[in-house]
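Which chain is which? They are A, B, C and D, in the order written, and residues in each are numbered from 1.
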């Protein structure tokens, strides 16, 4: 998982070169390395390095929560090599009615080479995260750790793990009846159980929408959904939170596979331990009492 | 799998330096980063990072399908370190008669240091892909995932996997009787079975040609051939398609090894599942009917 | 484990750009790439690449042992992405009373974007290493090798390995009664047993302090402490020694897991071997004597 | 295994900066990126990325076979971080009497910071390869694949593998009685068995010399020696050949571990296969004959 290249100076040079064919407005917009369209490019390169989006797999979308219009949503296109994506290749829609504001098909042919871009098939899934959870970004990968967990636990509809320090990187979410919203109240504690629902894959990605929405509803504490034999969707309040959650979850999935293979339970049954200790204590007590009797 | 370096500015500088010893025509030709000879260099570096072509293993060839003469084929030479290859080190032949137009042995000694280049032993295999499938590029790697699959299934002459999302990155190919050609009609579906033939290795790479051609003929749906105890050949309509297919296949081979080790079947027998459901339904029906009788 | 980027020229350029918003004093201070604050950034990027500090996990602290005031301690903040950390984001405290000299919350908003930094929860643990062992730096990672070892040996309170060459990278430490200090007298020998205590995790990181201190006291030969289901703390005389020890230990933990899975004992019982040889010798002797009797 | 950075332009800049403190002669010498001292730096960075020389482990030496004096041998120093090594940190000796011509301890304090360099403990081992095999370079790594193979085959004194394509990257060496030298006559064939002797580790690296020399003598076909619980020594005619052999061997060791774990024999017994086919043929012949009788 290589850290981002620190060579900002060079990036700017190469960027300005490739962006010169754009309109002055877009050229200026994309000059900001923290623009959502640039962050999508940067993160896709990172995800490619992690083997999460090779072969055009996976996708990402960022809502411009820190920009002047937080209803703007940038979405990487379908079927392109994620590690080579450019800022002008994004689809731009506006919430809540998902009005299409800009497509890469409007960009000069000089840049697109007449390629006809299609919106990501993940679009309705990303939108579900924005609408149902006020997410600031949503990441979809084909991580092999995600796929393997859904195969190892083929008959289960959720993944659970507890008592691993990395769990603390994930948010504790609760449903607030007053606001009718799921809200982050803290981070998960070390002894908490992280639960991620697993939904069944469908032949067409957009057909996952219903079951993803159902999972989001049924698991208010979840900030991710696993898709069997397919991958994972992870979202967060901002693009950086989504990135952090995705990293922490993949770390936990990787560890869980190793634990499973070594026969170590993923959820530590503390209650059992306590009960056993109590039984032990009782037995010890009995023994002591019996000894006393004997004495 | 590290993403390509974004430092386009720097690459140009270093390139112009090393190319100055070439003829002005070649210098100009190789100044284009999308020239097939440059793409071979870029992809070889990527493949090296993936442990696919270490120790001078593997090879790649690109047909200039988007250039003025789509019959030109660039081929990386034999026995050199793939990650250090330079654009002027390629052999250039013209289809259909494979006329040799240029060899790195014509390049000034200043650059070649009098090294005598040999064409890749893969050349007849690459040519088979161009002639039998109209391929735009052909990639050959010594991927350990490819080698391991042929060892784990030592008695099988094909590799099969189904019901994994990543399968959708690969093309659905059908034989068109009218054109007598294998044509891409769509992408594979999630529930389709990806089939890759496995041929036996031979002491000399060129001797693989007959069995590779036979496999290409017998498996019209395949865009790759595995070579037992050796590696894999993957081709595509363009260099980028070949790269994407190769990445997606290696992802699936890696996953297949993990599934095999965990005892998970690579091909999901859906029919069985349906029949079992029907049996269950019938039994349930019987039970209900019997209950009704009892009632 | 990617080597540090060699592009010093470029790093300087990008650095001077991002530091321009600082006070001239800080800008000058951070211009030195070997400044502890810069080394923290460089090492965090390296650790991220190794999957040791993803998802904001882990931490690092450097004492300025080669600077004018060796009591100054730089500490990376809590909860930030370690691979994106900047030199002005460190907390600076002075030993022995841990007086807070500087916090990133004093930095201009232009750089911090009003983010409110919190000191690392590891702070009291880092301080224990400085005070009890005169450490020059302390590294804390969530390395999966560390976590897995504590899970595979769930009932053990220490990890041991012997007879692996890499052990020689670690220091031989002994308690000096006169100075009442643990001192490095040499490197471990190939046949020495490396011992690392394992302490139990606690819900709050700072609550590890007591058991970490106890482990440091009880294991005078240790330069690291494993935390069950959590990760590892490693320290050294200087930042580079801490880095080397951490690398060598992680190499040994990774190897130990492979050995465990292959059923190979981690500690080679040489004594047993010698005793067995002696028994064999004795038996042989007996046999010879008996033969002689017979003769 | 990341490919070398292509940014030659930037490397030159950073290099000239750090070399300015040297004498003009050395500064000029090290300006050549193909100088043995620079190649040692480049390869150490690559080996570090492969986890072969982390924690100061491993070493490398290059004989200047293409320079004006092919008796000059450059050796990386002991105990330093291999990925941060600089060209002026090498020891330089002249064969055949190993006369010490230059040490990094002669370099201005400004660069060495008064660090006292020690020659690598591998020096007598490197010298053995130069003297007994006319090697042009010798690489020593702590590769975990090398260590694991010596552990999995703890009772064997050699490692063998056959019928894997990558074997062809290694040289076929034979002892020439006339010249009394081991000479490369070709590359190994696919069906050849690659054999690498395994020697037992000793507490002090220099004490390996005798058994390494004995192994080199007893295994004229070998271009590497495995050291149990320690790592591997690999040599070649030039630095690039040594690098290629080392890469190919590590690939084969990695694959061999996977094959071992899957229960696949490392050496394919072709004779058995032929005999079995013959038995089958005979049985078939019998059956046919019997059928004919019946008919």
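Quick note on the criterion: contacts are C-beta pairs under 8 Å (C-beta built on N, C-alpha and C of every residue); 3 or more make two chains touch, one makes a residue touch a chain.
A quick note: this is a predicted structure, and the numbers were derived from the prediction, not measured.
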item: Smallest number of contact steps required from subunit B to reach subunit C; value: 2
item: Shared chain contacts [subunit A and subunit B, defined touch]; value: none
item: Of all other chains, the one whose Cα centre sits farthest from subunit D; value: A
item: Cα superposition angle of subunit C on its copy subunit D, in degrees to the nearest 5; value: 90
item: Fraction-based call for subunit D against subunit B, same above half, different below; value: different
item: Subunit A and subunit C: spacing of chain centres that average the CA atoms, whole Å; value: 30
item: CA centroid of subunit A to CA centroid of subunit D, Å; value: 42
item: Sites on subunit D at which at least two other chains make contact; value: 2, 5, 7, 10
item: Touching chain combinations (by label order); value: A-B, A-C, B-D, C-D
item: Subunit D residues touching subunit B - in the complex, by the definition given at the top; value: 1-10, 163-166, 169, 189-191, 240, 243-245, 247-248, 250-251, 254-255, 258-259, 262, 264
item: Of all residues in subunit B, those that touch subunit D in their complex; value: 2, 5, 7, 10-11, 13-14, 17-18, 44-46, 48-49, 51, 54-57, 81, 83-84, 142, 144, 147-148, 151-152, 154, 201-203, 227, 229-231, 261
